[in-house]
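There are structures below to look over.
Presented sequentially are two complexes of subunit A, the first with subunit B as partner and the second with subunit C.
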Partner chain A sequence: MPASSNRSTTTDAPPRTGRVRRLHLPQKLRNLELFLLLIACGINAASVVLVQLGALGRIDTTLVFLGAGLSALVLAMHVVLRVVAREADPFILPIATLLNGLGIAMIYRIDLANGESGWASASVRQTVWSALAIGCAIAVILIIRNHRVLFRYTYIAGFVGVALLLLPLVPGLGREVSGARVWIGVGSFATFQPGEIAKIALAVFFAGYLVRNRDSLSMVGKKFLGMRFPRLRDLGPILVVWALSMSVIIFQRDLGTALLYFGLFLVMLYLATGRLSWVLLGMSLFLGGALIASQTLDYVNGRFRNWLDALNPDVYGADGGSYQLVQGLFGLAKGGLLGTGLGQGRPEITPVPQSDYIIASLGEELGLAGVFAILALYLLLVARGFRIGFAGNDDFGKLLGVGLSFVIALQCFIVIGGVTRVIPLTGLTTPFLAAGGSSLVANWIIVALLLRLSDTVRNQPRLVV
Partner chain B sequence: MSVSELTLLVLRLGFLLLLWLFIFGIVYALRSDLFGQRARKMQADVAAPAGAPAAFPSGAPVPSATQPPAASASAPTEQFTARPSPVSTAVDDKATSQNATRLVITSGPKAGTEFPLTGDSITIGRSGDSSLVIRDDYTSTHHARLMLWHDKWMIQDLDSTNGTFLDGNRLVVPTPVPLNTTVKIGATSFELRR
Partner chain C sequence: MNRELKRVSIVVLLMFVALLASTTIVQVFQADSLSADARNTRTLYDSYSVERGPILVAGQPIAQSMPAGDEYKFQRTYSNGPLYAPVTGFIPLNGAPTGLEHALNGVLSGTSDAQFFDKMNALITGQNPTGASVEVTIDPVAQQAAWDALGDLTGSVVVSEPATGRILAMVSKPSYDPNLLTVHDNQQVTDNYQALLNDENDPLISRATKTLNPPGSVFKLVVMTAALESGKFTPDSTFPNPATYQLPGSSAIVINSGGGTCGGGDTVTLATALRLSCNIPMAELGLQLGNEAIRDTAEKFGFNTDYSVPLDVSQSVYPTVLDDAQTALSAFGQTDVRATALQMAMVSSAIANGGQLMTPNLVDKVTAPDLSPIQVFEPEAMERVMSAETAATLTQMMVNGVQDGAASNATIDGVKVAGKTGTAENAEDEPYTLWFTGFAPAEDPKYAITVLVEDGGGLGQTGYGNLLAAPIAKDVLEAVLNK
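Up next is the complex of A and B:
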């Protein structure tokens, strides 16, 4: 309602008859979001155009329709937010959109290099998965009107999380892709990584469980070395989660996923109790387990060798050796400070350049400046999540907000750290960027939950009389 | 190739620049979160640009005679003084985002408590999603709303059953709230104060 019609309300309205008309308040946050979102969509379109100019030398319009459809879907989500979550954080959606679009552009670029097009190409599939994921996010925003509803389903969420985690071990359903048994598939077509969804369920479970039980975990215990250590009988939960992540290492042969879940639990435990001793205890447990695994399990041992001795010609040439890792490093080195330019590098030389190694591909074509921009986007996204957790009044929302954003942060660290040889390489997806439907769906659901949290945080009572 | 090397170089650098501009745009929008809130401006600074005389309706009884100069400049009560208001507080300072800093409960079970005003609108009612939850028999679920509108704190009754009273008068239309004036909802009353 514009100001002029409001003036007529105040001057002409007959007293106390009919409904009082409401004042129009500008939705400042949503307008800011729309502005940033339009820029993000513009950058996404520009990146696809640059890829085409660089790789083909001309502009091709086939992908334009898909890209426009995606932008329309993101704008639809924005409109949904205007109605059901007016006070939600305005930065999360544009950042996620931009990361997703950059990922699609890079995957498209690798498709061009491999000469794939149509439905066989990873970029088209990624676009369709993105649409599906944004659809899921809209559904979550619409269905979950208050995050505290999730608190009721704490133990169901825990059960679902563990079940999803163990699903790939079911014979006939589980699929093994390049050594790791973390996929499920029906027939030959549909493959899905249920562990990605499990991380959301587990975050909900950990948050609910810790809110209910943190007193016994934080209050009692003996003081030793200036820290209060927990009683032996309170070690149950951490040992259970440790056993779970160790079984992921042993049976599913996936180091990264195990590290992700255990790290998530540790951080939420630290948040809930405020005790450093839990972190020390958990880290020594995990490092001990990982060390034992590296001695006894072949694939873990190989990962460590590739990491420590990557440039050794024997390791480089060996089957399952460091060829991929070193190629990624060469790509990053070729990119230099400003990159070769989109579509002008040769990222396709590295094996799986569109999923695990997408950050190396982006690093080659956008250079250090581009990689830092991407890392800054992640930093801002995670910082917003922490901020939402910090601003929350209820403990469940606090833990959930920080837990969900920490999952994104830790996943980035594990993957990008692995690709840049900071830590041993483990197969995880780079959130929003890497090709992979399950990861996209999971991360967009996280975005939806963070938006919902930020909306309820702003709307919660400041004073109850 | 139909595109020259130079064009590609310029486009490439332009793209990186665009990425960083986006990031700095977000950081700029977040500045109060990252570096803390800016200090509140002094009253004299903000009062100066506020009152443009042309904005007044020509026949409006501008209450400048009864006010000190600074106050009249800070309270251009345009449309609301165009008609004699039922609320006879025209001489008071209207609460703006600059001069009102807190909401103080003056009577009721929680008399004496207060909370700061941030500029976000404040919903008042019995429902749990209100900013100010008042649980008594006289309050409606969504009773009233306090919001900044053209930089003035306005109170609006949301069709409540028992009404919202500003200085003893039942609210009919959204009305600007003067400073230190009692707003009564059910058994609770509060004021906006400096």
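Up next is the complex of A and C:
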């Protein structure tokens, strides 16, 4: 003992005990996070100021103060991470902060164009929702110290997910906004899209369920065309999720949400079983359902027509036609490579420029350069989530991490792809950017879970990532 | 699981690549066509929000953008609107611009490629881009004189400079006030536009560049050019001189205007035929030349061709298929021969300029806001229509027509005027179209002028070119020569 303690005090190299290394590493990560956070907050503040200079020609301090409050809250979350998740991924929080802030700046810009201000304006509400969402994220980080806890609640999560999804169909509680019945509201205020929260619950459920049942889903079944197809009795889960998605299409009239959940389920199913046959089966089920829906449901049919023939004057002028889509394209075209500059475009011409079409608004004022930057941020965020999947060593955590990240990627693809005519346009919010409280809360909870998962992964002594 | 995860990663990557590609397509490759879409209100607001460059006549703006203080930021105003309407056109609040506002929209709005560095500069400095100013070739004295001389008649006067092709006056009546269409009130613009559109006198249509009329006897200049250039005819070539002439293969009869023979005698020279503007000798000449020869010459003058000055000019027509009777009629500008006033101005200009037709042009130069020149229009040769010799011969024949012939009312004391009148028949009961085209001074032509009077000048089928069109030309020529 004396010899060893002698040696440790006399060598110049830092002592290599596990305890000291654990103290050293998180500081590095958290310092990096703090540095990036400060940059993100700086960009956000600059965007708001630029919006004011562009649209008002002067600086108005109200929203700057609100933004400073948000920055303080995000920094508080950073401090919480220093204590309870020291080895969490340092990129996730700054990216979410930056996207959230850019969204607020653009929503504020549209408020200015529409002459709205004060507590009724979308930007102030978005700021308050952001504060609430970050609060939720901090709570999740503090409460869930180990993600395996969630594994215990697999079926409860599943039940909660389905219940939330179906909640808007309850008479008296559900609200219909622009044709889609995906909202709930009490009285005339506090409308909420429970489906946004449902995606987290469902991701937990899928992860838990698949980890428990992957063997029966992947091992047995007949081989056909070089692929092993599942037994008929194992088709239960995929049929249930499919039926759920179809009911969302039919009763809630929301193509995007259905696509999101079904896509999430398929990807997690594929990850868990490693069998392409599930994906083929699921895709043909969904495409078949969507095809029947496009023939029988007017709104689905209209979406396809708007997508394929947007610039046709008949489609453009029709009720529920491609007017909005084409106006969004006009906005993007106006932005060109470098954009008009914040506060200097006319994003308000496009209907709902602050929610579904926020990417078109940002594209108009920040140009292709700005859109590329935003897409890069999303891609980076998703990539950080996927790292959890690659590096993790418990299947539940891997599945959950990848599932939650994939939900963000798929949601971006559905919305932005819809706006830019890659796929038919369906109503979904752009994660973090678009106006909408439920979406913010859900996405910040995802951030909290990803942070928790990444912390767990790095804490595993066998793997260094 | 990691093998599957890699595949899913690739799928996610492909999804994002698809988004990068789609946004690039929309924002870069389709941007121009989307911006040009008529339904794109952003482009419209932008066209008002930039300080559009002025259109200048002799340094004075005839169209300019004044600060407006509303959402459109600038109000386009036209001073002396009706006088210059056929030149400026207008940029309406809710539609496509016309006239030079349309033809030079790129430079006027500051969005042309020539102004790329200005645009970049504006982007970096944060200043609003400003359009370039356009100096037109119009001479205010000539324009005003033409406007006054035309009076209340329906028609057009075009004055140009034969040696350069510069258009000095371009008047069309009845005209309209472009300011009516630039008020910042959508409904009012629509109402005003509809009212102008429904006006049976078609004030929105420029009689100088857009309407096509049978040229009648002024087309004899084209046929005479073809005859002299063929080498087979001289002014002294003679033709039989009957009082009536039956068209070959037809029961229709051609008579000279006023009836009777052309001058006296059994035969008539081409010089006399042109001087007195007789139809029968021209019909005979036309048949001998054949319609291919006439068409070739007409096309050298600019018939059957699209051109812009840079206003788009309607294509004047010498028909492609003609039988003998129609060929004979076309020799004095009837059947389906059609011409714009500007086209006939090009005919006189070519003769005046020693047979060399210059490209007609309405714009002198385009100047950037910092006064650096963006585009300077130099005189440009368009076509050598005839030899200098032929041009001199024709000039003398036209001088005789004014001094001692059918165009006598264009006579100006002390100035040799060369001219040719025209009285063209439209449909059977419709009023005549009256013409004068010519130039002065004949020995050193400075001004070529074409007068078009539609609708018989209010006299139905009793008016004729020398009565109504020639005096207008005289008034305008006097005004510009005395300047």
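One rule holds in what follows: the second predicted complex is superposed on the first by the 435 of 465 C-alpha atoms of A that agree within 3 Å, B and C clash if a C-alpha of one lies under 4 Å from a C-alpha of the other, contacts with A are read in each partner's own complex, and residues count from 1 in each chain.
Operating definition for what follows: contacts are C-beta pairs under 8 Å (C-beta built on N, C-alpha and C of every residue); 3 or more make two chains touch, one makes a residue touch a chain.
What you see is a predicted model, and the numbers here were worked out from it, not measured in a lab.
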Partner chain(s) touched by A:458 [first = subunit B, second = subunit C, both, neither]: first
A:367 touches, of subunit B and subunit C: first, second, both or neither? both
Partner chain(s) touched by A:382 [first = subunit B, second = subunit C, both, neither]: second
Partner chain in contact with A:338 - subunit B first, subunit C second, else both or neither: both
Subunit B versus subunit C as contact partner of A:406, first or second or both or neither: second
First, second, both or neither for A:36, with subunit B first and subunit C second: first
Touched partner set for A:98, first subunit B, second subunit C, both or neither: first
Common ground on subunit A, meaning residues reached by subunit C in one complex and by subunit B in the other: 338, 341, 367
Residue ranges of subunit B in contact with subunit A within the complex: 1-3, 7-9, 11-13, 15-16, 18-20, 22-23, 25-27, 29-30, 33, 79-80, 82-83, 105, 108-110, 113, 115, 120-123, 128-136, 147, 149-150, 154, 156-159, 170, 172-174, 188
Interfacial residue positions of subunit A with respect to subunit B in the complex: 3, 7, 9-11, 13, 15-16, 19-20, 22-23, 25, 32, 36, 39-40, 43, 46-47, 50, 53-54, 57-58, 87, 90-91, 94-95, 98, 146, 338-339, 341-342, 344, 366-367, 369-370, 373, 376-377, 380, 387, 456, 458-465
Of subunit A, residues touching subunit C in the complex: 267, 270-272, 274, 311, 316, 326, 329-338, 341, 345-346, 349, 363, 367-368, 371-372, 375, 378-379, 382-383, 386, 389-390, 395, 398-399, 402, 406, 409-410, 412-413, 416-417, 420-422
Residues on subunit C engaged by subunit A in the complex (per definition of touch): 1-5, 7-9, 11-13, 15-16, 18-20, 22-28, 30-32, 34-35, 37, 39-43, 45-46, 123, 126
